[in-house]
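To keep things simple, chains are lettered A, B, C and D as they appear, and every chain counts its residues starting from 1.
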Amino acid sequence: MSSQPPTPASGHASSAEISARERRSFDRLVNFTDAVVAIGITLQLLPLIDIDGPTGDETVWQVISTNSGQITAFVLSFVVVILMWRNHNAVFNSLRRTDGIIFRLNVLWLILVVFLPWPTAMYGTASNDVVAGADGVGLLYWWTLAAISGVGSLIAVHARRTPTLLEPGEAEIVEATHVANRWRGIIFFSAFILIGVVSEFAPGIAPFLAFGLIPADIIVSRSGKKAKEQA
Amino acid sequence: MSSQPPTPASGHASSAEISARERRSFDRLVNFTDAVVAIGITLQLLPLIDIDGPTGDETVWQVISTNSGQITAFVLSFVVVILMWRNHNAVFNSLRRTDGIIFRLNVLWLILVVFLPWPTAMYGTASNDVVAGADGVGLLYWWTLAAISGVGSLIAVHARRTPTLLEPGEAEIVEATHVANRWRGIIFFSAFILIGVVSEFAPGIAPFLAFGLIPADIIVSRSGKKAKEQA
Amino acid sequence: MSSQPPTPASGHASSAEISARERRSFDRLVNFTDAVVAIGITLQLLPLIDIDGPTGDETVWQVISTNSGQITAFVLSFVVVILMWRNHNAVFNSLRRTDGIIFRLNVLWLILVVFLPWPTAMYGTASNDVVAGADGVGLLYWWTLAAISGVGSLIAVHARRTPTLLEPGEAEIVEATHVANRWRGIIFFSAFILIGVVSEFAPGIAPFLAFGLIPADIIVSRSGKKAKEQA
Amino acid sequence: MSSQPPTPASGHASSAEISARERRSFDRLVNFTDAVVAIGITLQLLPLIDIDGPTGDETVWQVISTNSGQITAFVLSFVVVILMWRNHNAVFNSLRRTDGIIFRLNVLWLILVVFLPWPTAMYGTASNDVVAGADGVGLLYWWTLAAISGVGSLIAVHARRTPTLLEPGEAEIVEATHVANRWRGIIFFSAFILIGVVSEFAPGIAPFLAFGLIPADIIVSRSGKKAKEQA
């Protein structure tokens, strides 16, 4: 880190090649995307906030236990979307502008992120029930996650193949993290597709499989970071 | 792109002519506008999230089929508002400050964007029904979109006619993209007015007409870009 | 405008006197405030979005007519909060950091802005009814607006009396706009207090009085701007 | 303040040591965090906005009195979250980048902040009732606040122990405010744990204990500031 000479405005030199207008336009798209994700992620709480507190002799722990499926779905969606937002973040931070393809893929990605709270709500309600499954709710939930992950990967693939979109100097870094990122995209996408199928036949196991993705993400992150340092 | 000399802080030289205070005030208005649009667009999900999951022998695909009108309305409003936000974005990125007229038109534009989820919800519910139409819901929905598009165009027209609001060097670019932008505004506005009328008599066709606007937008964008490159 | 020499980074020289950490802390508070206002203002839609579309032979225009009070309340709150946000904006843009008093007044101001959608919802429902009034709903609504306006004015008063909080060079401008701003604060606060009282006795007139504030705001803005140019 | 020499770009020299990409990535995480907190804090209003206005001979003051618990819970959660956000803010403003531990603690912190509106809603409803308590709702509410405070403290502890994460020159300031910050973390965490227990046995007293935390926070802030000035 410290070997890099502290050239003043090292970040500005590169951005000077694109016009101030393009920079503003790009920054606004990034901020807008982040805002929509922040709202979408927070809307996951809506089904929870409608749950009434304990009545009569009931305690709040019984309310939590009855709605454990809904709470698990909330935590799961929140964590998974943040992880996918971070991947999206990493791709956009290596860009200096967008083209029409990235703009449209990003719109699709945002629609899916904002749509997710509905499958989450249905999945959470279904998971409260012990005999859930086989009605497609799990499939819809997990495949929506797969679609978010898949569209995110398509953005990354298009960015890698279009060097004029990248910040100068990013091309090598992107190349070095190529393999790790590609693997992460494939792992997440396939995992969600598979967990969706599992959720139809063994709904109780599916969420645990998903929480297993978090260590997988950490491992891939580390190997990606190592590749970047060697570059 | 690379023929443009990388003058350091090319974007800052121009903004130095307006005071730091004006710049901050303008930036805050832009960020505030983007935040309101991001929230307004996400609130389109609210009618969807209230839809209960499948019960009994029902599957989630039947739930989706029953509520296909609501889901189509969500996707449609989301995409159309993002496209109109991008146009708004393009206008504001050529500005360096606002005047009272743009401030008030922008407030009106934001009210309409935030109001839209209600017509969307009513339109979505009505569209679930096969025999919908003739009750004005479609008209209200499409004419709200027409109003958003129309007010957005008025902002663009006022900006073009008031060179003191523009970033230096933007006047020529704005002039060059003049025709394309003006056409886009007129096309969108007239299209929404017309689709609203169609929705009263042939409600099933209206959404398809709207999805046809997306390729129209792409074509106008391209011709606008070509005009800008020749400038 | 162009007579001002384009000293590079004229806005940065002043901010260099406070540490980068203080600047970041201040900027985050400003962004956070704007985000909370953007969300609060958008939540005003919630009572509207729950209104069902037309059923049977009803048309959407009848639905709008039945709920005209709710719609008027939405537009009114939206416009008034944006105007008060602009005043708040003007004060904060002359600041370079906050102290504990401004932080706490700002928290109070935000609570009131986020609380407002509830009085708006109740007032809107009551206004749908022709024989509303005398139950205090109007009083609560207008006095909440008075409180938002009053706390905003207190922030401005404290900022003017504490020159160390101001950006260098802002003290004179603030002094020049002193009278106009003080008048605006007093006019808005008193007007809302009065309209609240009127709403108890003549509920039908109150909203029209409020829409009269918009031209009042424009007049005060202009006299303030003239004072600034003479400074 | 004015004794500090106005070295141009004093804030940029330090950030030049990390790459522009890392800076953007960090800034986006900070903005995203602030946006999620802003939305989470505003969602606290949702239970309030569903309360119907007065009907028949009822006045709005009776509605407020009946729902005073809900309103108190809203104000309390709003104020406490803003205070904890400010502490979080102070920690993040001394950082220049994050590591995996801070990222994950931050995700946990955000989940808790977004989850809080549900306990707030249940606690508010229970507090409307005079004979509430002993059903665990107060415990859940106060322990959620304890968890938010505790996770926030863990972030601060990890930041202090990892100097490579800090902005140059921040290490000494952080060390100086060490004691004050550590005390604040311990005070808030223990207070919330205790108030939770009290709320089970004497539910009427608990909120008043919490409002007592605000002066405590001010005192600790002042002693922290004094320590910083002496550094």
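Criterion: contacts are C-beta pairs under 8 Å (C-beta built on N, C-alpha and C of every residue); 3 or more make two chains touch, one makes a residue touch a chain.
Because the structure is a prediction, the values reported are computed rather than measured.
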Intersection of contact partners for chain B and chain C: none
Interface numbering overlap (same over half, different under half) for chain A and chain D: different
Centroid distance [mean C-alpha coordinates] between chain D and chain B, Å: 36
Mean-CA-position distance for chain D and chain C (Å): 25
Residues of chain B touching at least two other chains: 9, 12, 31, 35, 39, 46
Arrangement of touching chains [line / ring / star / complete / other]: ring
Interchain contacts (touch definition) - all pairs: A-B, A-D, B-C, C-D
Residue numbers on chain A that touch chain B, as the complex places them: 9, 12-13, 16-21, 23-25, 28-29, 31-32, 35-36, 39-40, 43, 46-47, 100, 103, 107, 110-111, 114-115, 117-118, 121-123, 125-126, 135-137, 139-140, 164
Chain D - residues contacting chain C, complex: 1-2, 4, 6-12, 14-15, 30-31, 34-35, 37-39, 41-42, 44-46, 48-49, 51-54, 58-61, 63-64, 74-75, 78-79, 82, 85-86, 89-90, 93-94, 167, 170, 218, 221
